[in-house]
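Consider the two complexes below, in which chain A is the common component and chain B and chain C are the respective partners.
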Partner chain A sequence: MVDLIFYAAATLSVLAALGVVLARNPVHSVLWLLASFVGIATTYLLSGFQFLAAIQVLVYGGAIMVLFLFVVMLLNLGDPDAEHDAPVMQGGLTPRLGIGIGCIVAALTLLTVANANLAQLPEGVVLPIGGLDPLKQMALAMFTQWTLAFEGASVLLLATAVGVLVLAKRERASVAVSPPQTLTAAKEEAA
Partner chain B sequence: MSVPTEHLLILSAILFSIGVAGFFIRRNLIVVLMCIELMLNAANLAFVAGSRHNAFLAGQDQTDLEGPIMVTFVIVVAAVEAAVGLALVIALYRRKQSVDLRELTELEDGSHA
Partner chain C sequence: MSLITIVQESALQTTAQGGAFDPESTQQLFANTFTGDAARALAPMVSLTVGILVLLVCELFEGLKKIRPAVFLGAILASAWGCWGLWQHTPEIGAPVRVLGGTLLVSQQVGVWGMVFLAATLVAWMQARKYYRQEAPFLGEHDVLMLTAPIGMMMMAGAQDLITFFIGLELLSIPLYCLAAFRRVRNDSVEAGLKYFVLGAFGVAMFLYGAGLLYTATGTMSLPELRQVGEALESPLARTGIALMLGSLFFKASIFPFHLWVPDVYQGSPTPVTSLMATGTKAAAFAFLLEAAFLVPVSAATLIGVLAVLTLAVGNFGALMQKDLKRMLAWSGIAHAGTLLFTVAASAASDGLLSAEATQAAVLYMAAYVFTAGGAFALLSWLEADGEHHTTIDGLRGLGQRRPGMAAGMTLFLLSLGGIPATGGFIGKFFVFGAAVQADMIALSIAGILLSVVALGYYLRVVIAMWMQPAKDGQAPPMAERPWAAACVGFCAAMVVAIGVLPGFLSGSTLFP
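Up next, the complex of A and B:
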């Protein structure tokens, strides 16, 4: 029964991933990606990683996908008839190249997995009660063994917040400083 | 769950390949970013598969924390990457009124405007 749920979730995530690549409307792509993440979260849950499943849904499904959806709607890309909506490229070398590279990667990784010679899992192993990532032990490891990486992650997040502010607010700042110059520059750009 | 580790790895490989193919096929910058997220998730799935394999080999009531912790950091980096990538998309859209990858050719022949 649990295995069936796993295979159903795996099928969902693969089909949804195909939907991300093939959907013409970027909004549909975002929603397919969300479905794919939910499927992946289910496989985490069934593998005994409850905490990972939770942050997969919260951070990926909640935060990152909302960010994507927000940008898609901010740039008004949801209209499938819009010029800048980009479906799969028609004809040409690039799509064939992309599919070819995808097939090569798939073949190589599947070949590696097939030859991996993994040790057989013992039958009837019961998951630990707290799952494979009990939150308390994970927190302990995070703040002892992995403190440096944790602090690095916080510095990275801070740098990102500053960098994103600079990237996204640059034009408005220059308008505030010198409006005539920017207007002329914009006109020159448009011309 | 008695699914063999190979099947988790195969799922990871398939998702990664779809991500790679989409990365090359699509020309909408936002969808390309989504394909990168898909690839990161496939890598996470491989981490989870390996961690689960280790824990089950070690026996009852054993946990393997390296995998989940690594996945946590990958999720942090994925969030950062999405934020920076989307900010870049917005900045590019301001300049070019488009998110089409084929129009981003400033670096192609040195004729920077």
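Up next, the complex of A and C:
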């Protein structure tokens, strides 16, 4: 039974992840992402991480997802079908080459994964029945062994916010901004 | 110890104790984690983080904006003091010390690498003073982003665990993506930022994928534990993972065939940012590559050596074609990455026996390269103040008569890049090829040294243009005076000569006894 639920959840997350990439409408992509998150949350639950599963649904499935939808709606992306994006397969040699190489890499990886002996988990890894008591344990792990990675991630978020500000906000420029110079014009000028 | 085992063990303990929260054991856990060694290892990163926060506060008040340079320099100096402490006072007895649950290394080499990263940042920052015009109102953010990058580099160099390394990699990359596109009114800067971002995100995804496969195959993400797993590292799954991770690191270090982004990104980015990318990123990628070289199977060492020779060839022949000095330095940066890759090949070929020698050679090489390439880029950003045609080789003609000081500095840096004795570049090359020869890679070393001679062809072309060819008619000489850039060039020149003439202060017994 547990196996059945696991395989169902795993298939759901993989298919939904494909849906995120393949959907043409950004709102559909976001909804596929939600399905993928739910699948992953189920996997967490089956592994005994109730807290992580709850957080996955609440934070990612809830808050982050609303943020995504908000940004998508804010950007007001038009009807994708009416736009210029032609199907990938009509794009000449390079995209086809890329898809081909991607398929080969995927096939090779699948082969290796299929041949690997995944049944051999490291010894001593036995999940306690009834789940872990993860909140306290996770907090302890996060603030002892993983302190550096955890604090590093917060500095990273800060730097990202500053970077986004630099790239997005342009009004502060006190000097009049000249119209963007085209690359070809710059190259001609250099030559 | 991997996360899952730690969580489970402590969970089992808790269950055994009837699930009660035990403050004493928690206190013990904290006391065992945050030791004095941990504080010393974290000190350089914490000082930089404090510097970032103070800089952000300074942005809030108009009156405080004047002290920004002091804050920046203070953070760098405090961090350098921490690195100096690690370098000078780490006891090197037996096994290396790992702190924070084994995720961070405390050793002399981490201290020395930290100094190299800080030097790269300092050089890039000094040449950025008065470099920007339209973007000048954003200098506060510029400094914050520039101060974030070395934190990531230090995490990469000290990481003993793939998760810590990954956070460090992102902490280095994301500020650089933004800085590459910093001159947003210029299309080539935006193009550079976008290219770097898209390809960099792809490279990072490759790393994550590889690390995931490696974890699936071995059940651990910690480097010391990966050293112990033995045969599990030889499974196809683990090998695939290692190959993907190497590809990602080679991308950051601009190794053939992952080098194609380099010329466009280096040329399009603002020159101070290019300087940081060329020196700091490369040093950080190699610091971790050398630490993780044991993952490379001995049988693949020759392949790495061949890649090194190919990278050297591609970089040098690419540079021969260039007319613009900035783009030429980008190609020459690829060639230098090729030379450095010999250290990784040597470490892998000797099955870790030569890893201390290889690391020492790489540190020396990078220390010289930071000041050599950093100084050359500083001169370029100085010249750019008068217009960008001054950085073409034609534009440099007659510089020797018009600005002898600048021309002399550039000549010194170019000779050092070419590896002429009595400059830092020679010492670096000497140690790198020395390590390769010790690892019995004689044929590859000879190929590498011969290709390094090719490099002199294009370096000397610039020297000839500066000193022996008259300036073109009607070309205005570069006039701008930029004290910060001049100080930066002087500092770099002094360090290049110091490393070249007295390598003992870096390479002697003080480095790694």
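We take it that the second predicted complex is superposed on the first by the 130 of 191 C-alpha atoms of A that agree within 3 Å, B and C clash if a C-alpha of one lies under 4 Å from a C-alpha of the other, contacts with A are read in each partner's own complex, and residues count from 1 in each chain.
We adopt the following convention: a residue touches a chain if its C-beta (ideal position, glycine included) is under 8 Å from a C-beta of that chain, and two chains touch if they have at least 3 such contacts.
Everything quoted here is computed from the prediction, not taken from an experiment.
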First, second, both or neither for A:167, with chain B first and chain C second: both
First (chain B), second (chain C), both or neither touched by A:136: second
First, second, both or neither for A:20, with chain B first and chain C second: first
Partner chain in contact with A:68 - chain B first, chain C second, else both or neither: first
Partner touching more residues of chain A, whether chain B or chain C: B
First (chain B), second (chain C), both or neither touched by A:158: second
Partner chain(s) touched by A:29 [first = chain B, second = chain C, both, neither]: first
Chain B versus chain C as contact partner of A:51, first or second or both or neither: first
Chain B versus chain C as contact partner of A:8, first or second or both or neither: neither
Chain B versus chain C as contact partner of A:102, first or second or both or neither: first
Interface residues of chain A shared between complexes with chain B and chain C: 109, 113, 116, 118, 121-122, 125-126, 128, 132-134, 137-138, 141, 146, 149, 153, 156, 160, 163-164, 167, 170
Chain A residues within the chain C interface of the complex: 108-109, 112-113, 115-118, 121-122, 124-128, 132-134, 136-138, 140-141, 143-149, 151-153, 155-156, 158-160, 162-167, 170, 172-175, 177-178, 180-183, 186, 190
Parts of chain C lying in touch with chain A, wherever the complex brings them together: 1, 3-8, 10-12, 14-15, 19, 21, 26, 29-30, 33-34, 42, 45, 49, 52, 56, 100-104, 133-138, 141-142, 144-145, 148, 151-152, 155, 161, 163-164, 167-168, 170-171, 174-175, 177-178, 181-182, 184-188, 191, 193, 213, 216-217, 219-220, 235-237, 240, 324, 388-389, 392
Chain A residues within the chain B interface of the complex: 2-3, 6-7, 10, 13-14, 17-18, 20-21, 26, 29-30, 33, 36-37, 40, 43-44, 46-49, 51-52, 55-56, 59-60, 63-64, 67-68, 71-72, 74-75, 77, 83-86, 88-89, 94-95, 97-99, 101-103, 105-106, 109-110, 113-114, 116, 118-119, 121-123, 125-126, 128, 130-134, 137-138, 141-142, 146, 149, 153, 156-157, 160-161, 163-164, 167-168, 170-171, 189
Complex contacts: residues of chain B adjacent to chain A: 1-28, 30-31, 33-35, 37-38, 41, 44-45, 48-49, 51-53, 55-57, 59-65, 67-69, 71-73, 75-80, 82-84, 86-91, 93-95, 97-101
